[in-house]
Amino acid sequence: MKIHEYQAKELFKDYEIKIPEGYICKNKDEILKIYKTLNDEVVLKVQVHAGGRGKVGGVKLVKSEQEVIEFADRFLGKGFQTAQTENEEFIVNKILVEKVSQINSESYIALLVDGSNQSVNIIVSPEGGMDIEEVASQYPESILTLPINIITGPTDFQIRKINSFLRYEQIYYVQLRKIIRNLYKLYLNKDCSLIEINPLIQNNSGEIIALDAKITFDEDALFRQNSVQGLRDLSQENLVEIQTAKLGIKYIQLQGTVGCIVNGAGLAMATMDVINGSGLKPANFLDIGGGADEHKVSEAMSAVLSDQNVEVVLINLFGGILRCDVAARGFLVALDKYNKKAPELIIRMLGTNSDEGKKILSKSRYNISFAENLNEISEILITKR
Amino acid sequence: MKIHEYQAKELFKDYEIKIPEGYICKNKDEILKIYKTLNDEVVLKVQVHAGGRGKVGGVKLVKSEQEVIEFADRFLGKGFQTAQTENEEFIVNKILVEKVSQINSESYIALLVDGSNQSVNIIVSPEGGMDIEEVASQYPESILTLPINIITGPTDFQIRKINSFLRYEQIYYVQLRKIIRNLYKLYLNKDCSLIEINPLIQNNSGEIIALDAKITFDEDALFRQNSVQGLRDLSQENLVEIQTAKLGIKYIQLQGTVGCIVNGAGLAMATMDVINGSGLKPANFLDIGGGADEHKVSEAMSAVLSDQNVEVVLINLFGGILRCDVAARGFLVALDKYNKKAPELIIRMLGTNSDEGKKILSKSRYNISFAENLNEISEILITKR
Amino acid sequence: MALRIDSNTKVIVQGITGKEGGFHALKCEEYGTQIVAGVTPGKGGQLFNNSIPVFNSVYEAKDKTDADTSLIFVPAPFAPDAILESIDSGIETVICITEGVPVNEMIKIYKVAKDHGVTLIGPNCPGVINPLEKCKIGIMPGDIFMPGNVGVVSRSGTLTYEAVDQLSKRGIGQSLCIGIGGDPVVGTSFIDVLDYFISDDLTEYIVFIGEIGGIKEQEAAEFLKSINNTKPIAALIVGASAPKGKRMGHAGAVISGEYGKAESKINSLKDAGCHIIPHPGKIAEIVEKIINF
Amino acid sequence: MALRIDSNTKVIVQGITGKEGGFHALKCEEYGTQIVAGVTPGKGGQLFNNSIPVFNSVYEAKDKTDADTSLIFVPAPFAPDAILESIDSGIETVICITEGVPVNEMIKIYKVAKDHGVTLIGPNCPGVINPLEKCKIGIMPGDIFMPGNVGVVSRSGTLTYEAVDQLSKRGIGQSLCIGIGGDPVVGTSFIDVLDYFISDDLTEYIVFIGEIGGIKEQEAAEFLKSINNTKPIAALIVGASAPKGKRMGHAGAVISGEYGKAESKINSLKDAGCHIIPHPGKIAEIVEKIINF
């Protein structure tokens, strides 16, 4: 689960990690008011769940009321896209107004779990303020990754190593230690899946400050993180994804024309690959998940149908606890409710009661092709190009 | 480091572990005031750093103002001894006044480190309110010890096991889990070396309550526990022990007549055993500790001389960093300052500059016997019986 | 990795009184597995399906039935404790089907399992099946499997079924199929399973099914190179068409860097001598080609 | 327990620029030990005593000198980190002299050392000395030791010297002397050392010196019984005259229950076939009797 930069910074404040003086504003008047009280110069930052804001003007140093007004008019209430948003649009509802910081050095620091060493890892680089993947590919030697032992937490010798890797003078060690220890506490206490500060700066008063802040949370741990749940901004998420998620259906909207309904995440990805391999594009990822019943299946179909781009719906099911006849009836419920012309259906069913399921569907009034296996799905899809 | 019951209970409160309603009082008037506001019946508990208070009347259920006054007059400001205090006296400066609890069951619970399994252990017994050592020897099957994994903390399956071992109904599991988790947090956060609740009771409102509370702290961790240092009550400790501890000298006052000064805890205990084996009793345990210089040695001697019971002083030193000649001069400084007749000295010195040390001492005006080894010490001591 | 999944394996089911736990306990038994007990705290003393005794704790269940393996279905908030209880009770193999266990819990549990020398498979996995010995400890549909000499390992359940369905339909049987689970931190890695397959005499061919996200497939490839493996491996990576930054169902299947992409994984595996399966529909076709080579 | 303390052992001293660290580094070198480097964060680049290079980190020191052993003198608040750094750097044996390390830290460090297969001796110990190979890694006065076939193990420093002084004065030499430390949680137990001595061909007799407090001596006795030990052991327990509930210098030496008492320990050791030393002055006398038996 993602949150906004300003929310991440509030968490930093709670954990005594220094951030620039800043105020979150919902409208132009608020921004102007803050602008006047702060200084001649402020930084304005659109608050959206998307990276790469700076490159498209979403982060700006402004020096006049005129510039403040222009920025607010350009972004507030509007859709926002970056190179990282893959054609999705995010509404800008809030703008963070921050005092300008004097920057003496820019570093990068992140905490995340690496499944390969079964640990939380600290990743640091003295090349802050850049795209970290670019740093990783161009200057791999300027990235240091240290696993944190679950028994001890970040150790002093690791922090000394980081301090020197970031080319900080020794006097910064105590500050850095506090930051790293507190970031780790935050990471564990709130069940984060990523904390990233890029850049972490040294200002000219000798302070280390988190100039940016990104936190994502482990969705699987939200059940025990009430305060984190409260940080969720549904305006930044896809409505259909939210609704299906409540039923335990994992749906992710994509940009293609072939909707798909699959049980199991691996098979759903494989099915998307099959669609791609046929020269078409998947309109979504969809894993019905465990314990599916008629209602859930029907809602999954409705979610796929709600996407205007969908021209073909591909169903790929392995019947287990979920019986294929039950699934078939569920699909028909949704199709019957659908008030437009139903798209073509390609159906592959295996396992419990699959013959019955196919029979029920073949008797319906919809345009259905049946496939026995993934290769047959491919062949049918190719005819739909 | 020990603290009082009322202080331990305040810590319990901070960690959301339920305790009886109670107030700490310094004089009779305060106690009477509380008595009137609380009820017809209250429990009065003298606050001293000693176990076994109940058996000598230091814990009492009182039912009238008259009884309150009698209790206060008997104990407040007076020395207090129990079977566990080995002739030491503890001044009663405070009395804890508590509301009477209705007791449905009495259990025992403790947390402490066991060096054998390198873990903090939870020890529980359904036989609460008794001397736990007696329980252990008479009903060993009614004691359950569970090691806490440092990675996970106390687990739910352990708490379920404890709940059933304590013969609690299932409904108490949630309460018990909170208590155990919070006791463990307290144990780690404050660097305790023991937390003991005896008894932990179930009252007739279905609550689990710590009726008594004992906490001791790891002395080696006090450097990072400022709040714990603030709980120290020096009135309950031996003045000489406190003063020598500041210099890094480990001195413990005992009841015998042979004072001893040794470097190294193991050798100090062995020396005490030698004294005992000669039919005499050690007046103290004393380990000068590392990094001893003339001043430290002199203070160690002064500490031993300050004990009126000391008739003989036995010095047993292995010179290492500490040179024996330096030590000899230190001893003389203290002896020369001593304004009474110096006791006889038995001296054994080995290692760095021991010959010089012995020479310095033998030239002094004090009554000194030299020994080459522990057996010779024994032989000399036997003549002093 | 120690792993004994055969006709002598004695299994307890933690969460047997739940809907899924009960359903699959019976399906496993039907397949041939020895399900000797169930565990649900507070429900001890019952008989599940009039035949399987239910205990309050794993200790009790193990004590009374001498079980060596546990299959876990309890809900995610309680699954970590269920795993720990099994480990503490002396269970040798723990298979956790439960989905949605917080990663921070798994970091701890992974370590505790290693400390105790316990083989933990999952969480969020379909389990393990041995068609040769008729032992199924998991949720896979038993009837698609057939005995044979191909070992199958995958992060995913239904994708395992897909592979097995293709294999069995061509008459290619399986020696052992293991789903390691789709979470970032799981008890048993690709490397553990590959190592097991490579030294297992009954396994002559291996089907390896990876996914986007993380670097587990690359590590497996490095491992294969390091041991100069010669056992034939057919490898499929799914998720090439998934966009960056989105969690494709499995918590581990998020492309966050170059390494997470399908292409990087395919190149590594190719480099390690694996036969790359170019399309999810061609798993068995490639295996057949290898066998007939 | 892996333990290599001989003329090839290369030792770094953490905290060499401190008073005690510096003093003992030179004393060890004088005795014959290879002290190859010192480590003090922030003081890298110096030459200690004009001969021993000082580095900022153990990594660097190990990298430059190929050291395998670390001797630690840094103050208690920093000692846990010093131990962890050594472990992380790949040092094989860590000997921590520092006194006053919080027990809660030692619980963690004990586990990390075990996880990494590192032999940790101490904290709050005098170290290890091998008189045969002229290798001393610790703070004991070297001149009282002489080469021989008696292994000495104790919780205490000066009590070890007492034992060795008695032995050497009777012409009885030592193969290896280890002080395991006086804290409740130490890296190496009596059992570890006894196990080592019993399988060490150079050690023919063992002197075992225990104390009041805890149950470590009883556990050692149980171990001796369990392996049917036949190597002669002379055992002394000190502290019989200590009162209950008082900490006799060593954090571990507090009598808190029956087991902690000297009597219980003596009985256990007698039961395990040890020759009990009745008086601290008779250590060498008893050993001599055993040897001449």
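Per-chain numbering from 1; labels A, B, C and D assigned in written order.
We take it that contacts are C-beta pairs under 8 Å (C-beta built on N, C-alpha and C of every residue); 3 or more make two chains touch, one makes a residue touch a chain.
On a predicted model such as this, the values are computed, not experimentally measured, just so you know.
Steps from chain B to chain C, taking the shortest chain of touch contacts, total 1. More contacting C-beta pairs link the chains of A-C than the other of the two pairs A-C and A-D. Chain centres here are Cα means. That of chain B falls 28 Å from that of chain D. Averaging Cα coordinates per chain places chain A and chain D 54 Å apart. Each chain gets one centre point, the mean of its Cα atoms, and the points for chain C and chain D are 46 Å apart. In chain D, 108, 111 are the positions where the chain touches two or more neighbouring chains simultaneously. In chain B, the residues touching two or more other chains are 150-151. Residues of chain D touching chain B in their complex: 19-20, 23, 76-77, 99-108, 110-111, 139-141, 144, 154-162, 165-166, 182-186, 209, 211-212, 214-216, 219, 236, 238-253, 257-258, 279-282.
Against chain D, the residues of chain A that register as touching in their complex are 149, 151-152, 155-157, 160-161, 164, 170.
Of all residues in chain A, only 150-151 touch chain B in the complex they form.
Within the complex formed with chain A, the chain D residues making contact are 41-42, 56-59, 78, 81-82, 84-85, 88, 108-109, 111-112.
Interface residues of chain A facing chain C in the complex, by the touch rule stated above, are 84, 86, 113-116, 118-120, 133, 136-137, 150-151, 188, 191, 193, 218-221, 223-224, 250, 252, 254, 262-277, 281-282, 285, 287, 290-291, 318-321, 350-352, 373-375, 377-378.
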